[in-house]
Every structure is written in structure tokens, then in C-alpha cells.
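For reference, the structures are reproduced in the following blocks.
You will see two complexes here that share chain A, one where it goes with chain B and one where it goes with chain C.
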Partner chain A sequence: MAVGQVRIKVPEKAKAGEVVIVRVLVTHPMEVMKFKDGKPVAKQYNYIHRVEATYNGKPVFEAETTQSVSQNPLMAFPVRVMEPGTVKVTFQDTQGKTYTSQAEIKF
Partner chain B sequence: MDRMREPFGRSRRRTLKLLGAVGVAAGALSVGTLLPVEVAFAETLGMPQPDEKVADTMKRLFGGRPVQDAGGRLKLDAPLIAENGAVVPLKIDAELPMTKDNYVKNLYVIADKNRRPMNARFSLTPEAGRASVSTNIRLASTSDVRVIAEMNTGALYETKREVKVTVGGCGG
Partner chain C sequence: MKLAWKTISRGKRTALLAIGAVLLGACAAVGTTVTSKEWKSRAIPQSQGIVKDVGGKRIQQRYPFGGFGTANFEQWPTFAAGSPAYPPPRKAQMPTGIKGDPKKGHALLKAGAKGPCTGCHVIPDAAVWPAGNVGPDLRTIGHRGLSDAYLYQVIYDPRVIFGADSPMAPFGASGMWTEEEIVHAVAYLQTLKGNPPGVPDKVTDDRQWDPNTRQLVRPAYGDPLDLTANPGLGLADSVAVPLWSEAGPKGKSCAGCHGNIGAADAQRPLGVIASMVGVGARYPKWVAQRRRMMSVEDFLAVHAPETTGHEMPSQGEQNITMSILVKMQSNGMPYQLALKDGNVQAAVKRGEELFNRRVGQRGQACANCHSARGGGNKFLGGRFLADVEKDAMVNHPYWRTAWQRVIDIRIRMQWCMTPLRTNMLPGDSPEYADLETFLISKQTQRGDKVLVPRLSH
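And now, the complex of A and B:
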């Protein structure tokens, strides 16, 4: 799987005031070492360390993660939706790269 | 003759040698110097920050403020035994308030025996509606996993459980 593919999963429909669980995943090695022939040969810090989610532009969730989060980080977080809209999630890794995606929540 | 038997042998060896050299060079550059792409490290809470004992992590995060046991209000769902320490699913669900004046602002996941015990911090807003977060973490070895809910008022609630790990998940 290529690095930095973001998948977002939201329920198809929601009701006003409902707490929706948003599931997100980004493919990422979450590594701190470079390996050669199964042996660590050099330090290489390359892991997601920030996650930001907004709903209709308003910040709803934020996470600070470390190398102790599993490869291909998976996260589920809640949003109480008062109106239909767009949830947007951005991941940032320690190499400065960002990965983002969005999904619609319809009523 | 050599060329006849392995038509791509020579060039493949050459390519591997070149990749190897590039790898060594990249390795040499990334260790010890702060390149522009690695500026983000200074902000991160994970490695390469130094190892810590959990007591020091707690002190650093909460400055000695009292941490109360959450009672039944903060639930942590985690396997009793994690076959693979590299992927330990956690499900946190709090029955704590989420109103504008009193809400769960942060959820900290701390694994006592990891080299840097703080695994992650999740931050919520009252708009979240419920302090319910799931993720997968890495555990180096059998350890207590604790979740600490920090309210916007500063109150701290903790729940913890032991997760036995068969195969450590931090790359040895």
C-alpha cells in the first residue's frame, strides 16, 4: 500500500444532534529505525505526530501521537452533528508531510 | 560468457550497489544533523525525545496534580492478552460530561513500560458530544495501560488495566 492514503468512514446518514463516530486510517510506516537485512542500521524518525479534524471548518478533534501508535494509524473519534456537512481530517508526520481527506455527512 | 548467462546480472548488481550507497548517505545525513525536513521533530512528543519512567511522564504532563480513579465513568476496552504487541486495539469511552463548562478536554494514553510512556493525546471539544476514542497502539511488553481524562477544569480521572503482551511491538 502506498504511504499516505487516507480513508475516512462515516455513517451514511445522521440526525441533528446525533453523535457520529468518524473512523479514519492513514497508511504510514510509523517507524523510528531504518532496517537492512532485518537489522536496524540507522535512526529514521518517520511517524504521524499530529492529527487534526474539522467539521464544516470548525475544529472538532485533535491528536498528538507518537511512534507508539501502530503502523497505519487507525483512529475513531466522535462529532455531534447539528447540521449536514463535511468532516476533514489531516495527518502530519515528522518528515513534515501532510495527508488529508474528507467525507460528507448527510441528514 | 558472464554477460550471456545473466543478461541483467551486472546491471542489477550495479543498481543495488548504487542504492546501497544512497542509503548509507541518507542514513549518515539523517543522524545527528537537523535537516529542514526534520524540523518537525522539535515539536513531537515521541522519539527522539529521551526515554522516561512513567512517574516522570505523569509529573511532566500533570505537574503533580491529583489524579482520581474514574470509578466506572471512564471505560478502557483492551485485550487481556495481546498476541501482537505492535497492534493493540484500545477503545476508550467516558461517561463524563461534555458541556461547554465542563468537558473532557484531553484523553491521554499511557503505557507504563514503554520507553516513552505517553503513547498519544487526544483532544476534544464540547462539540464532540461524547468522549469516545479508539485507536491501535504498540506495547513493548506486558504493561499497565492507563487512560487519563483531563477536564477543561483541570480535574484528572484515570482508569487502567494490564495488557499482557506475547510478542513485543516496538521492534525489539
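And now, the complex of A and C:
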């Protein structure tokens, strides 16, 4: 499976001052440490633990996800847009890899 | 040499027409299909159903996800052509000298390895959740004055009492239950009188617990054709779309013959391939050269290596995602199986026989769960079973949220083999293609529309 594909959906057009919903999905495995009888049997773990979004460079959304985040997580957040620009979303996983994608909002 | 029709004598004309008729007849004749024994499987290794010895134990190799397991049931009938029929109904004598223990019987009715009975029947036990209603409610079975010998026979082999199409498995005749265990179960069933007698016990206040009052909630997962909702669509976008125009070892690409991927539209968010519009709706197709029915998936596994050199083994990620890309070109169009073709008609008939064939240790058929006579439109535990005549659908491949992967109809069929305690056939076997043809014939008759990839649990 292609890990780290980030897909963003924003409205094609918006008006000044409008609140738009940004939907973003990242393909990522949800690996957590596995325990049996209180002892770890598989120690490697790899999950998304931080999400950041900027609009024209200004931070608009950030989240600390924990090991409870699902496989292939989907996030949606509102942004009030005052001017046309680019929304950029970055996911960071526990192995230090980052996955980024961006989408344009036109007026 | 020019030979005008008029210059041939009348006698010779009749002879020529006769030869022509014979030739036409030969073309229209229904071909015999290959079987899974003759068909060289092009499936990935986990899909081939290989039975082998590992550490002195015979196992069947299956998929490493979803709980397929490796148990081997090679002594029981499968869907393979030529597989022996399931043993006929067997009358049983209730053993004397064993005293039934209702407590043990209660535990056995709930045991997963023994059925479980509670998947299909309601018993007065709130710990069973959720209960199913494929079979009758057992909360008042002890009030009906049925003899022990009758109940023993029902569990041992219900076909003796309810007929050959009984949806219940012959638990005693199959060896899944010992004689002693059945005696315990009978003892427990005779204690179920109801409260007051004859009226089913009220077990919980939760109306969702009782399958007779349960409300069916059809879950919504979002728009399957939205890239941010359906990871399966995203997978096809990152695997199949580049593969379409990538030249294989033989120097050709899919796009070289079938045209490039054009601009997207609402039904085809990955782009329109003009030559492929409507193709997916006509499959499975009789391929005379291969002497079998082939779905899009089966055909790609053979066609891609022959033309481009790309290996595209059945049930592999490349095969499934490419099938999505091809089939979704027909999104919104009704299924159009060639029902007038004699070969397709023969396949539908074979598929219907398979649908009703009892297989595996449990000795159950597809029809036992997916027809109105059996569990169709009823609850098996918490699962709502589809009815082949009403809503069973083959909008595959789809994104299965429970497994977080794309699966095609063949993995779905192979997955059904696990609870049936049956060895699975290779995913690209001709028998499964016949079964798929039968299902799609129902969809064609209903006018169902193609929607690939779906998003479901």
C-alpha cells in the first residue's frame, strides 16, 4: 500500500470571510506495540502523532494525535479564509517521517 | 476464379447451405468449461489454496489478514468441479445411559467452535450479544412438548426432519458435535419453557439485543467516489493510474492500445478511459479461447502479461486496483451480462448449482444463508445477511474498512469458506467465475447499477 499519500479536498471557490471545511486523508498503517500477558511481543510502532495545517504560511490547525488514531486517518477542520491562497497539511509519524500535500482555494 | 451463386446447380446449393448450417451450429454450440484442476492458477500464492505439510500437520495456506486461519478440510466437499457430494441425511438413535446436563448444554450452545447456535437462535441469556434470528427463537422450545429423540435428531442431522434444503448444519453427522454433547444440549433445550410458560422470556430492555425488534441501521461511510473518504480509490489512483501508461517488459502499455486516461467526471474521479466505458458492466464474459467465464480480474491476470509483460496476478494489489480503474468506467450503468449467450446461460446454471451445493464440514450451501428459505434478510448474530434475489451484490472490488484494504469478490468468496469449514479454491478458479456469473445474472435482471469501488465494512 502506498504509505503517505495525502489527499486534500477543499471547495473550488470561496468568498472572503467564508468558513470552508478542509478534508484531508493520509494513507498510513496504524502500528502499535502488541502485548500478550502484559509483555510486549512486537515492539515496533508507527502511527501519526502530529498534524499541522497552514494557510498562506499562517498556522490554522494543529493536533496531537495519540496511539488511538486510526489506520488511514481522515481529518476535517474549518478555516475562515480572507484571501485566496494555499492550504498545506503536514502529517508527522512516530518514525519521524513527514507527509505533506497542499490545495488551492480560489476566490 | 469467380464463382457466381447462380452458376451452382440447385443440388450443390442445398449441400453448401447444409454445410453452412453445420458450421453455424458448431459456433453456437455451448462449450465445455475448464475446471480448477485443469486451470493453471495465476493468483498470488496466498490465494491459491495450497495444501501442504508443516511440522507434520496438514494446513491450507491462506491470507495473512482477516482471520482466515490455516485449518485444513480437504476430506470434505468443496466448490471444485468433480468434488464428491456431501453425505446424505443420516437418522440417529439417541444414546441411552448418558444423563444430560443442562448447564453443560447451555455453555455448548454459546461455544464458537460448536456453531455457535446463538448466531442463528435466540436463547434467554443476556450475555449473548447480538443474537441472530435465522432459525426459530428457542426461548419456549421446552414448552412445545417435543420429544428428546426429536430434538436429538434435529441437532444430529436436521435434513431428516426439515428436508434436504434445511438451512441448519448437520452438527452430529458432520462430527462437529459428539453424541454426549448433543444429549447435554437437548437437556438444556427442554428447560426453556418461557416466562410465563409459552411466552418468550424478556431478557433485556435493549431492543437491539432481540433480533425480532432490532432496528436495522445501514451505516454510512461517506461518498465512495471521494478521494478523502475512500482510501481504496486513493490506492487505485497511486497504483493503477501510473501502471496504465507504463510500458511493460514487452515495450507496450495499456494506454498504447486502449487510449490514455482523460479528464475526470463525477462518476469517474480518476479520469475517463473512453474505450473502457461500459466494458466492466458486460463481464464476466465467456472467453472461448480459454474455455471459461472470466471476470475483469481473471482476464487482466492473463491479458496483461501476454500483451505488456506486466505480471498482474489475481488478488494482487495491481490486479485489484487495475480492475477498479477498468470497472469504474462503467459506473452508473446497469449490469449487462450477455444472458442470451448459450455459454453464459450454461455458466449461470452451473453457478446456481454451486450456490445450492453443500460444502465443507458444516455441509452448508450459499443458499442456506443468502436465500429467503435460509437466512436472507435475517440476522446472523449482528450481521444482516443479503438475499440473492433482493440485494446480494457484486459491486466489487471495494474498500473493506474492517480489513483496511481493497478486496475483490473472489477474496470475499474465499472468506466465506472459513466459517463453512471448507478448503478454498484458487481465487481465479473457473468455479468461482461461474458463481460470480450467477450473482451478476440476478443483478442484470434487477437492473442494478455498477458502483466501483464501494466503501463498506
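Please note the rule applied: the second predicted complex is superposed on the first by the 98 of 107 C-alpha atoms of A that agree within 3 Å, B and C clash if a C-alpha of one lies under 4 Å from a C-alpha of the other, contacts with A are read in each partner's own complex, and residues count from 1 in each chain.
Note that contacts are C-beta pairs under 8 Å (C-beta built on N, C-alpha and C of every residue); 3 or more make two chains touch, one makes a residue touch a chain.
Keep in mind the model is a prediction, meaning the values are calculated, not measured.
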{"item": "Overlay on chain A: chain C relative to chain B, clash or fit", "value": "fit"}
{"item": "Chain B versus chain C as contact partner of A:36, first or second or both or neither", "value": "first"}
{"item": "Contacts of A:15 with chain B and chain C, given as first, second, both or neither", "value": "neither"}
{"item": "Greater residue coverage of chain A in the superposed arrangement, chain B or chain C", "value": "B"}
{"item": "First, second, both or neither for A:5, with chain B first and chain C second", "value": "second"}
{"item": "Touched partner set for A:27, first chain B, second chain C, both or neither", "value": "second"}
{"item": "Partner chain(s) touched by A:71 [first = chain B, second = chain C, both, neither]", "value": "both"}
{"item": "Distance in angstrom between the closest Cα atoms of chain C and chain B, superposition on A", "value": "7"}
{"item": "Common ground on chain A, meaning residues reached by chain C in one complex and by chain B in the other", "value": "23, 71, 74"}
{"item": "Interface residues, chain C side, partner chain A - complex", "value": "226-229, 231, 234-235, 237-239, 317, 404-405"}
{"item": "Residue ranges of chain A in contact with chain C within the complex", "value": "1-2, 5, 7-9, 23-25, 27, 71-72, 74"}
{"item": "Chain B residues touching chain A - in the complex, by the definition given at the top", "value": "23, 27-28, 30-31, 36-41, 43-48, 86-88, 111, 114, 116, 118-125, 127-139, 169-171"}
{"item": "Complex contacts: residues of chain A adjacent to chain B", "value": "19, 21, 23, 30, 32-34, 36, 40-45, 47, 49, 55, 58-71, 73-80, 92-96"}
